[in-house]
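Okay, so here's the structure we're looking at.
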Amino acid sequence: MEFGPHLLLAVLEGAVTAAVLSLTAAGLSLVFGVMRVVNIAHGEFFMLGAVLAWVLVQVFPGHPAVGFVVALIVAPLIVGSIAAVADLTILKRINYDPERTIVATIGLLYIIQQVTLMTYGPDARAVEAPFNQRLALPWVDWGEGGLQVYYPWGLSTTTYKIAVIGAAGALLCGIWAMMTRTRLGLVMRATQADREMAQAFGIPVERVYAMVFGLGAGLAALAAVLIVPIQQAHYLMGGDPLLLSFIVVIIGGLGSLPGTVLAAVFIGLSDGVISVFFSPTLAKIFATLLVGLVLVFRPQGLFGERPA
Amino acid sequence: MSLLRTRRLCKSFGGLEAVAGVDLDIASGEVRALIGPNGAGKTTLVGLICGRIAPSAGTVSFDGSDITHLPSFRRMRRGMAYTFQITSIFPRLPVRENVALAARVHHAPDVVDEAVTSALSRIGLRGEADQIAGNLSYGHQRLLEIAMGLAQAPRLLILDEPTQGLSEGEVGGFNRLVRDLAGDMTILLIEHNMDVVMATADRVTVLTAGTVLAEGAPQAIRANAAVQAAYLGTG
Amino acid sequence: MTDTSRILALHLGLIAVLFALNFLLPAYHHGNLSRIMVLASYAIGYNILFGYTGLLSLGHALFFAAGMYGLALPMQHAGLGAVPAFVLGVFAGAIVSAGLALLALRTTGVAFMIVTLMFAQAGFLTILYFGDYTRGDEGFIIQQAQRVIAGIDLTDETNRYMFAWALFSFCLLVCLALIRLPLGRTLIAIRENEERVRMLGYDTGLHKLTAMVLSGTLSAAAGAAYALLFGYAGATFASVQYSIFPLLWVLLGGAGTVIGPFIGALFMFYLIDLSSGITSAYMLIAGVVLVLLTLFAPQGLTGEVRRRFWSGLP
């Protein structure tokens, strides 16, 4: 393949990564924004979503779409409930102390990961996509006799990948609408702005926290269900989404949803492009260094406003 | 010659001028009180003097040299000491260690113990030396804060609302302490309680809206009509 | 007995008991204890930064690995002798910790945790990236013939134990001495109330830098010793897991206590050792212990002893 078509392919793959990443990172950002805690177990909730999707598809055999739709609804609910319970039994008791929360969620990370290993096992397992038509993509080039449209070999995507991008976009709009237009969003934003004041106004802060923590984990699980027909479900798959979400949330400005989405698109696309042309390990080295340096020199994020 | 001097000192927070062009001269050996209504900029001004806040403009000199750009810890080493408005001690460490931490910076290792004992005796906490600081009463914690200041053997001791929350008896003791210290060091006292100011200060500076409204002897300040309107009249 | 003599009795007693155990323990536990003493040295290094200075790092594997590879790579590729290689490993740890400190100490709290985590991860990935030299995850074996210091063969069980014991004793005494010196007292005060320490006239930035370099250097010494004594260097020792372990040991044993890191490493080692007979998912134990500690015993085992019985325990 020539450079142009190759780049288009990289961008398309990057767009899928960006779509899934923005959902996962939105979950992490929501938890950080409202609760001011960092959830290190976020990647494990993602993994749990993918594994549960595989389990649910086995429970509902028949057309792949049936099991998949069930998984799309049920897996995030289960994962969200697990997270809410973890919030009420662990984080609430340590009073959301930022440092102790990190230590506790590291513990939670290992518990979830290792319990999955003991039950689901060490294998990577695939889930069939509900629909998966190959779409060959045209490329325009100057040839003999002027402008030519042709279909380069290998330049293709699938209807499912396009659907993932669309679904992620719709879901993000949904979250945005919920945060800005609904009473629930208002309650969450009030809690974010001032916990004590919210409590004084009768907002059940503890319930809001449990719900936000559940919602954040549920978003990660949802993203995982979407990606599992493309990747495979594996008990160690939580590491990369955690790292990438971190990168996105920190670069986008901690706790800012639009910044998070913008950064997810940026990171998703550049990850796709860099991984196609360079070594993925090198790409990750640059990404981790970038997070570290951004936190050191521009803690408000690359896209965030400098506080007055 | 003045020990501390500020010239056109300014600090603005996002357009709001908290300190707007303050010229302050404190002579060596005097007890100066800084008073003013809430929000007058007293704490900001003191923050600028001891280096906790960077100024937007203007200069601070201490003992004849410009210290505007020195970090706070270097200013302390040059002979300033600052006691916090909100009690700031090491609550989980013993009283003696609290004071020793202050003394170690400013004394040779072999005289640290002596300096600690002397600071604690002066403040009347010698008997509590081995207690955990957090277990002291509120009034004693305020005194410990001052003892830490003394152990620094400062030339300029800045006391930020030291009598806040003290009982009447404790305030009386504090007044005697300040007069007793006055010969040894220069004192800048930020104070709300006018009785304390009248009892201790040699001169008084009145700050309103970030500028110096008046300066003079305590009796003259009490008689000043503008000060009464701006400050005393409301109290 | 005065507090000082009780403290000396406790710590010198522990060192003496560990020395005696060399002659008493059966082979299996003898080998385990060599390993535990090296890991406990790592934990003591970690504790200087976390327990005494109050800075929670999630990136100490970088320092452990700096020591490990600082020793192992020159031995493997340049045929360097064990002694200069060990010095090189410790030196590498000092340099790397100073470099990370200059960057990470510009942040505090959660940001400090994430920054250390990220730089350590970048270090881990770098080791993978240069797989031609490091052999990545698979790692490489240091030849038996090279693991000799002044004619003493470190592959011999007893020699290995004694080297680990000497390293551990050194780290323990350094830590004990540190917290009785003004430097250590100031670090503890920084942990309690940094702003107050600064306003007493201390350069807190310089103190924190010193603590981080000391902590990183001891961690690197442990990493170099681990490679030398057990003859292996692998990328696993640079992974996040090996940044979490010292945190776990110190939390379990008691942060800000001198013997806590040893107690924690000992308990955790045997907890995992016993459970690995039952399940391969031994990290589950680590996870459960972490959560339980945060919930019920943030002071750790030694911290509880201090709270209940002996408030002067350092």
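By written order: A, B and C. Residues from 1 in each chain.
The rule is short, and it goes like this: a residue touches a chain if its C-beta (ideal position, glycine included) is under 8 Å from a C-beta of that chain, and two chains touch if they have at least 3 such contacts.
Note that the structure is predicted; figures quoted are calculated from it, not measured.
Engineer: If you take the chains that touch chain B and keep only those that also touch chain C, what is left?
Structural biologist: none
Engineer: As a test of whether you follow the contact definition, which chain pair has the most C-beta contact pairs?
Structural biologist: A-C
Engineer: Per-chain C-alpha centres versus the global one: which chain is nearest?
Structural biologist: Per-chain C-alpha centroids ranked by distance to the global centroid put C first.
Engineer: Roughly how many whole angstrom separate the Cα centroids of chain B and chain C?
Structural biologist: 44
Engineer: Compute the distance, rounded to whole Å, between the mean C-alpha positions of chain A and chain B.
Structural biologist: 53
Engineer: CA centre of chain A versus CA centre of chain C: separation in Å?
Structural biologist: Centre separation, chain A to chain C: 35 Å.
Engineer: For a test of understanding, state which residues of chain C touch chain B in their complex under the given definition.
Structural biologist: 182, 185-186, 188-189, 192-193, 195-204
Engineer: If you look only at chain A, which of its residues touch chain C in the complex?
Structural biologist: Touching chain C from chain A are residues 38, 90, 93-94, 98-100, 102-104, 106-111, 113-115, 117-118, 243, 246, 250, 279, 281-282, 284-285, 288-289, 291-293, 295-297, 299.
Engineer: Contact residues on chain C for chain A in the complex?
Structural biologist: My answer: residues 56, 58, 103-104, 106-107, 109-111, 113-115, 118-119, 121-122, 125-126, 128-129, 244, 247, 251, 279-284, 286-291, 293-295, 298.
Engineer: Help me check something: in the complex, which residues belonging to chain B touch chain C?
Structural biologist: The contact residues of chain B facing chain C are 50, 52, 72-74, 76-77, 82, 84, 88-93, 97, 100-102, 104-106, 109, 148, 152.
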